[in-house]
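In the two complexes below, subunit A is the common chain; its partner is subunit B in one and subunit C in the other.
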Partner chain A sequence: MTLEQLFAESLGVAVDLVHDDLTYQSIPQWDSTAHMLLIARMEDEFGVMLDTDDIIDMSSVAKARQILAKYDVQC
Partner chain B sequence: MTVSQTLDANWSQFHSNVAVISAEGERLTYQQLASETDAIFPPTERKELVLLVTDNSPASLIVYLAALRTGRAVMLQPATIAADRLDDLITCYQPDWLWKAGKLISLQSNVARGAPVHPELAVLLSTSGSTGSPKQVRLSYTNIHANARSIASYLQLTPHERPLAHLPMSYSYGLSVINSHLLVGATVLLTADSMMERRFWQFCREQQATSLSGVPYHYEMLERLRFQRMDLPALTTLTQAGGRLATDKVQAWAEWSRNNGKCFIPMYGQTEATARISYLPAEMVLEFPQCIGIAIPDGRLQLQDEDGAEITAADQPGELIYQGSNVMMGYASGRDDLMRGNETPALSTGDIACRNSRGLYYIVGRKKRFIKLFGVRTSLDEVEQRLRQQWAATNTLGVEHIACCGQDQQLCIAVAGKGIAADALQQSASQYLGVHPSVVQVKVLEELPVTEAGKINYVLLQSCFDSDDTPSRGAPL
Partner chain C sequence: MSMELELDLPVYEWAATEKQLWLMRQLNALTRLHHEHCLPYQRLLDSQRVALEVQAREDLYPLAVRLFKHNRLQSIADEDVFRVLTSSGTTSQQLSRIYLDKLTASLQSRALVRIMQSWLGRERLPMLIIDHPGVITDRQQFSARGAGIQGMLIFGRQPVYALHEDLSPNWDVLDAFFDKWRGKPVLCFGFTFMVWQLIQALQLQQKTLPFNEGVLIHSGGWKKLQDLAVDNPTFKNAVAQTLGVHRVHNFYGMVEQVGSVFVECEQGHLHTPVFADVVIRDIVNGHVLGVGQTGVIEVLSALPRSYPGHALLTEDRGTLLGEDDCPCGRKGRYFSVNGRIPRAELRGCSDTVEPKMAGHIPSVLPIPQRNG
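Up next is the complex of A and B:
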């Protein structure tokens, strides 16, 4: 699964709406609840265990990619 | 109870205490709070209604308190309210003032003068916020004061408390955190940030928050955020309300709290009781994690059988009935209802409960069809009715019959019809209700199960959803 697909499914939006510049709370669908679901999906899908800083710093799609790269997840 | 004795009875004593600190760095003492609130509204002879769209800013808190202190009634709504629903409320309740996004607007010229407002009416709150119903709970000055006093008493609040007030002010639990702390001269740390933001935790740490409140999904977030590994020495109290937290989770939080010198206090309540009805004393949580505990100070709980007779035997189920000075005046569905006085001597909670031999109450079921979505009590009947109206008006999805069932954090919608796309329906329903699609499950059935009397059989309907966890589009009937 691509990162874009994962975002689209977790936020409940169309995949073409997901791009690197999409930021937390810039669309109503990416609220704190969706953020939690997004994190849960990411941990399951990519087999990583994110820490507090990762979760609260994941403020955009680009940032998510960067954080996942720390855990050797290329997406 | 006079108007001047709501929350500010002792403010002259606290005058140099800091009342509010916001995440944006604003800071107000009780003295400043008093003088700011006095400057909001011009004097009036007639009792007015204020519609306050709160954003958890100090400015919106000031308007709320100004309304209380000047004897105006105030309706609280969240900043996320849709524009058309706000319009509906304005039409329905004819407020004299609207406060929104930092601006106070007089509506007196636009709106025909509404019917009189009862002198005791203080606050109007929504019960099922996200369904956009105009139904409101009418709370009096006595209700607000009594519940704040009870909470301050059982949580043993002192002026040294610094609660992180992050729940929306328009939500009864959020409002009760603010009210109970302003009553005792404590410092409310006010924020609109969520737990998922860095600034939330910076604010918590820098301002040395002493307590944190949350509904079950906040506790899920806290787990996800590895909260238990955070270093927050000032934070000593965790309260939980807004729906049932699973017993094993209650146990786990209680254990962690005990081992780390903190208090974890599960609480139970309803907006119809201003906020709180019962709490589980911290020292009993480990032994009785499944219980909602005992009535708050000055409140009384009892169980009634179907004929209204009191049940006194242990572990016998009956409807949970609450009495206390925090029980609402009644409901309102429009302006004309605001002139009505107190019509609710006792609150039938709709929950079926038992009392154990130690005098602690525990819930075993529900009489009425209510679920909680993200801590907001949602009437399944109301949602069902609204969805029916919606699809009757614009049936682009081919829905012929629709019914709702479910449990906390899971609204189940069963539909019958031809060529229905369950995904589209799920999206549409979650958008309409303003909740994340993950808590809305849609199933297409060939036909909805009915009882012999021809009514929808909700027990059977629910079993269609319980039988598997995967959102199936098949027809199990």
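Up next is the complex of A and C:
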């Protein structure tokens, strides 16, 4: 699964809405509740354990990619 | 001022000299910011001839929290309001309204993370929420309790809810949770009274849970427990006996200053983090009180950018216990909370001085005028 697909499914938005510049809280679907669901989904899908700093730093799709790369997840 | 705020500071390491230098710069800048952008606040300060730049935390001019019930106090344009927090408090049916922009909301969550990380570490632990799931899924009743739980979710993983809707224990969930994580570090979070409900149910069933590596964070006030004559040592004892949890941290915070929380250390003292502080004042005349004295709690926070809430007079009674010298080793002021101020006394102090001021802010607690 690509990162874009994961975002689209977790947030319930069309995949073509998900791009690197999409930021947290910029659309109603990416609110704080959805953010935690997104994190849980990422952990399941990519087999990583994200810490609290990762969650608070994950302010955009691009940032999510960077954070996952830290855990050797290329997506 | 720079609208951003450096939060990557050691939370409990700065002694008074260093902390006050930094904090007073932040707080003075906030007084100016809100004076410039919030008209009712400006009118109030001007009518009271309040200095916008002060030397010491005691010289700041705190707003009584109830002012947020009767006035729309914001320092941002309406279109920048991102979220409105509400709280009923206890003194009236009227709701307090706190207007947040994205920046302030972000500062609040980042500050909470910095504070909690120093108690819990960065790693997220399996989480048991001592409440029922409806408290956050029911958007109609998205209460202060729901918001509090929502804010804490970031510190846990795979959260489960320990209670049914009627607040009775959900034994299936509890048993499954303990089977799965037995002997492992876990995080329990709940409001103090909810935790007490669970403990009583466990006691009634003579059930104990093997939770020795757990940590319990709880909040929300002692009033209901005081009515039941349950104090903090009794509470901690019961938690240790039923849940097996020995690391128990209460925290004190309010909807008017989300993110600035005061966490209880191993000694049972509430600690001020680097970006917040407390001043204790005499309930009747507003004079500043010293170590060992009990009065109304004034809370200071460097976080509020979108509303004038950086210096607030609460409706809680507290005792200043010391500064920089808690045996736990953390720096900064530490204190205890001793319940709400009785309504009659609150009314008393607002009636004694009615500022003859412009605008429509009814009253603040009298603050002694200082020279210069």
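General observations
Here is the rule we use: the second predicted complex is superposed on the first by the 75 of 75 C-alpha atoms of A that agree within 3 Å, B and C clash if a C-alpha of one lies under 4 Å from a C-alpha of the other, contacts with A are read in each partner's own complex, and residues count from 1 in each chain.
Here is the rule we go by: a contact is a pair of C-beta atoms (placed from the backbone, for glycine too) under 8 Å apart; a residue touches a chain by one contact, two chains touch by 3 or more.
Keep in mind that this is a model prediction, so the values were computed, not measured.
Annotation for the three-chain superposition on subunit A: subunit B and subunit C clash.
Of the two partner chains placed by superposition, only subunit B is touched by A:Leu37; subunit C is not. In the superposition on chain A, A:Asp20 contacts neither subunit B nor subunit C. Using the contact criterion defined above for the overlaid structures, shared-chain residue A:Gly12 touches subunit B, although it does not reach subunit C.
According to the touch criterion, the shared surface of subunit A, contacted by subunit B in one complex and subunit C in the other, consists of residues 32-33, 36, 40, 51-52, 55-56.
The residues of subunit C lying in touch with subunit A in their complex are 82, 102, 109-110, 113, 116-117, 122-124, 136, 150, 153-155, 157-158. Within the complex formed with subunit A, the subunit B residues making contact are 194-198, 200-201, 217, 220-221, 224-227, 229-230, 374, 427, 430, 436-438.
Looking at the complex, you find that subunit A touches subunit B at residues 12, 24, 31-37, 39-40, 51-52, 55-57.
Contact residues on subunit A toward subunit C in their complex (touch as defined above): 25, 32-33, 36, 40, 43, 49-53, 55-56.
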